[in-house]
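Take a look at the structure set out below.
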Amino acid sequence: MVDVNAASAKAAAERYGAKASADVDAVLADPEVQGVFICTSTDTHVELILKAARRKLPIFCEKPIDLDLAKVDACLEEVSRSGVPLVLGFNRRFDPNFRALREAVRRGEAGEVEIVKITSRDPAPPPVSYIRTSGGIFRDMMIHDLDMARFLLGEEPVEVFATGSCLVNPEIAEAGDIDTAMVILKTRRGALCHIDNSRRAAYGYDQRIEVFGSKGMLQAANPTPTTVTRYTSEAVLSDKPYHFFLDRYPEAYRAELEHFLEVSTGGVAPLVTGRDGRAALVLADAALQSLKLGKPVPIAL
Amino acid sequence: MVDVNAASAKAAAERYGAKASADVDAVLADPEVQGVFICTSTDTHVELILKAARRKLPIFCEKPIDLDLAKVDACLEEVSRSGVPLVLGFNRRFDPNFRALREAVRRGEAGEVEIVKITSRDPAPPPVSYIRTSGGIFRDMMIHDLDMARFLLGEEPVEVFATGSCLVNPEIAEAGDIDTAMVILKTRRGALCHIDNSRRAAYGYDQRIEVFGSKGMLQAANPTPTTVTRYTSEAVLSDKPYHFFLDRYPEAYRAELEHFLEVSTGGVAPLVTGRDGRAALVLADAALQSLKLGKPVPIAL
Amino acid sequence: MVDVNAASAKAAAERYGAKASADVDAVLADPEVQGVFICTSTDTHVELILKAARRKLPIFCEKPIDLDLAKVDACLEEVSRSGVPLVLGFNRRFDPNFRALREAVRRGEAGEVEIVKITSRDPAPPPVSYIRTSGGIFRDMMIHDLDMARFLLGEEPVEVFATGSCLVNPEIAEAGDIDTAMVILKTRRGALCHIDNSRRAAYGYDQRIEVFGSKGMLQAANPTPTTVTRYTSEAVLSDKPYHFFLDRYPEAYRAELEHFLEVSTGGVAPLVTGRDGRAALVLADAALQSLKLGKPVPIAL
Amino acid sequence: MVDVNAASAKAAAERYGAKASADVDAVLADPEVQGVFICTSTDTHVELILKAARRKLPIFCEKPIDLDLAKVDACLEEVSRSGVPLVLGFNRRFDPNFRALREAVRRGEAGEVEIVKITSRDPAPPPVSYIRTSGGIFRDMMIHDLDMARFLLGEEPVEVFATGSCLVNPEIAEAGDIDTAMVILKTRRGALCHIDNSRRAAYGYDQRIEVFGSKGMLQAANPTPTTVTRYTSEAVLSDKPYHFFLDRYPEAYRAELEHFLEVSTGGVAPLVTGRDGRAALVLADAALQSLKLGKPVPIAL
């Protein structure tokens, strides 16, 4: 358990019966270590991935690999040569609802996919200081939805149009970003995918997906903490969605972790690869370019 | 259009382009009259039914025919001899939701019916003066649910157990009635039907039915005025059920009326007969007897 | 009752106790006529509107007024000078669900409107022959949604981006149209509205709206024929949406008709004006232009 | 980890890093043991409870304590004298939905409780051999619902009426039991509680509760594996309820276990006591008596 904050490392290590350390290199050299979780800030990902790859250790890394595509490509090239498996942390692919949605799509229950609609709204904006270094809404937030679009569309997007506004907090505009965004992706075959993002939803974390096709429609709704409904003299009230990602996605995090264990110890192939991470970043960059140019932008994946 | 209140008769007649009158006999003797709607207080039903039957006029009558079973039997006997069709006003049989439920039961979608559950709650109690003459909760309110039980069970109940309390308004107890009731019916084959009634539901008119059987379950939920849902920082809010029967059952009243037109002019057989009215009254009387005796009572239909 | 098909005119007139005629001018000159419903093919609207306006008769006209904006402007100019009220047939504004949605938006229940999402899909495409003369998907189908966007956004769009594909029937592409479309509208303040259209939905007529704002979210879902749910060994099944507009919008048509009666006889101001019809056409034309240019287009209303 | 099946004990012990043993007394004498989970067949509960109580070990015991009330009383008497805490395994009290329901009832969101309705149906009947020794449907199945009734009613029932049939499998009747049951409980104040049970539900494990009172209604619906809905040309399909209790109640089991840890190590008072176990058994016995007598039976708790 390595943390730049030694106290955090110690507390976490004690809780899980692990050893705490502040020395990454020493830990990676420890022969007992059989795999590496990289859950640090984005700018440290590439360096840590490469250290682990050189030690031939299977790697789990939170998205994104890096905000610079050239660095990502160089990193993935070296990981590829090293032969170690790399699982990227697009946690939503492991959510039971979205996984069931994807499986239904794969089974052809919607027929040929024609329209995908992804709603993704956070309960409240992050600190503006975070936005200044995050790469902006497309790269820190919508990147999950862009990955989900690829997960569900069944073919790569070839064009993206992005637009947006700063409606939630004017300081976000001052930091050069928007807080309300819409994107349309188009595939070669002509399937369309719409994504809308907001940095603030009064009712909590809103993560819904709709897939429409030649045979019908599939929807994954927000799960809720309980199934309790209240009938009053005013209205019928039910639960709000979960508040944020830690509440919404516990099964996804568990499944993601178990998947990495299977990858690192059982020879299972990663379900989310470095290439998936790269592709989502390419889409996010293209969306940002489209926003700046005010017109659709072609995508080369 | 006959009304003991001449002004009401006049107003209604003007609205619908009909003739107003205070003289029932004259109206029934009018050769233009082709059928009769009896929508008066219960104690006048038998007399009016017989007058119409003697004139050979098809009859629609609001339930119940009478609170006295002997009078009902004598009346139905004479109607039967007259050969005129009689449609009884159990409006809920014409509700699109309950009708679809019954059709699904008939098609065997629940398999063999084993459990029926009927929820029926009014938004607010009637005046205590009404309760004093209505025959009580079983005969003025649950009678609809008892008819619905027969409509759905597919065979006649052979036993009833009734219990209840006065929880809404103590004046109802003083008038000799209860305001909160539960009844269990049992058929010869052993199917069970539960009915619960309350004279007051804070959230409106609550009319739901569940049919459970060997192959699954069918439910008819409360419809609502709109499909609008509101997500706020407090909760997710949707519409309450409709307020009361006039709001809830307009399609049922329309279909009931159209059915009577088909019966009176087209030779169609009544979907709700005098026998159905009698049977529901027998069940209501048995429920009342069970409540008084504090034990189940056999039913002879 | 005027119809170019004399038999149709006769049948309809008989059904409603009206007089049938094939001579529009004679009917308009009839002093008993107090208002005019124009429910003919689009290319006849302007001529009929002007005839009625010259007779000083209140006008109800199905949308669109015309596909040529210059003709629309000239027509509305003359109607305006005539002083007769003109109600345009955007029936969905009268739907109880969308009306309740709009009222909730007006009361501020969503706060400041930031995102509107309109889903609008037909059960099956019209004949290709119709598409050849209809003006295409934006002018014959999405025009309803563009009007709904204006109805809900609370301010005019200033920019539109449209994209789409032909995925349902290749003959539609041969006719120069698309059958699957997405549009994003943006208002001056930066609110965003997304519309998606498909000419074919396997599950019926799909008409949903979502309004998201600073205080929460409002959704209007598809109503269904019944509230019956079936629990089987395979799944839980509920009703599909209504099949098409005549099934989905009967209350809307009734309310629209009643509104026109109030306008024509009671001095009530039209809720949907000629200007609304013009504005929706401008938006549809701009969407078509955006599709052709492959980039967003500014809107001048 | 003690199991009469040594292989099972060994396997479970290995999985959780515990020690396996076939000798209960030796294990209870082990000073490292700080509490006891009794998850054995009902006829062994009393003996094991007493052994643990004599060792002053906190006890978790699956329901019921015993089928013989006199033995239960003697056992609880000794446990009480021993001073060790005893938590009884009514797992549903720890289900997040039912717990939230109870908390809402406690906060008065339904007002004064007037009607409680509990639906509880298993996916398939147990082997008839089990039914022969289980004590029958009231004591092995409805006992959970009877406990839930006490959990929600806020006062003790004073009367019970039970009825039922054998509709699922005639061998159950031959074993002297029924498979379809309805019970009505009544409290001193007059609140009514209805419970229905079936040994077989084609659509899975059906566990729902409704609480109706002076201020409104609260409902806890069945949770489902996913939130995915499928719109097809036939119907709208959503998930069935979970298949059975292990799928439905994992959070409940987890919370129950954590509660026992708090009780045994943290001095927290048991949320479900031996007295609760006794009371549910008294209700089950009274229901059985009512079924046999064919009339309501008073309850003395």
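As written, the chains take the letters A, B, C and D, and residue 1 is the first residue of each chain.
By our rule, contacts are C-beta pairs under 8 Å (C-beta built on N, C-alpha and C of every residue); 3 or more make two chains touch, one makes a residue touch a chain.
Which protein is which chain? UniProt says A, B, C, D = Myo-inositol 2-dehydrogenase.
Since this is a predicted model, take the numbers as computed values, not measurements.
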item	value
Touch-network distance, subunit A (Myo-inositol 2-dehydrogenase) to subunit D (Myo-inositol 2-dehydrogenase), counted in steps	1
Relative to subunit C (Myo-inositol 2-dehydrogenase), chain with the most remote C-alpha centre	D
Length of the line joining the C-alpha centres of subunit A (Myo-inositol 2-dehydrogenase) and subunit B (Myo-inositol 2-dehydrogenase), rounded to whole Å	57
Centre-of-Cα separation between subunit D (Myo-inositol 2-dehydrogenase) and subunit B (Myo-inositol 2-dehydrogenase), whole angstrom	39
Set of subunit B (Myo-inositol 2-dehydrogenase) residues in contact with two or more other chains	201-203, 206, 215-217, 231-233
Residues of subunit D (Myo-inositol 2-dehydrogenase) touching subunit C (Myo-inositol 2-dehydrogenase) in the complex	201-203, 231-240
Contact set on subunit D (Myo-inositol 2-dehydrogenase) toward subunit B (Myo-inositol 2-dehydrogenase) in their complex	111-112, 114-115, 117, 119, 121, 161, 163-168, 180, 182, 184, 186, 189-192, 194, 196, 198, 200-203, 206, 212, 214-217, 294-296
Complex interface listing, subunit B (Myo-inositol 2-dehydrogenase) residues touching subunit C (Myo-inositol 2-dehydrogenase)	96-97, 100-101, 104, 109, 215-223, 225-233
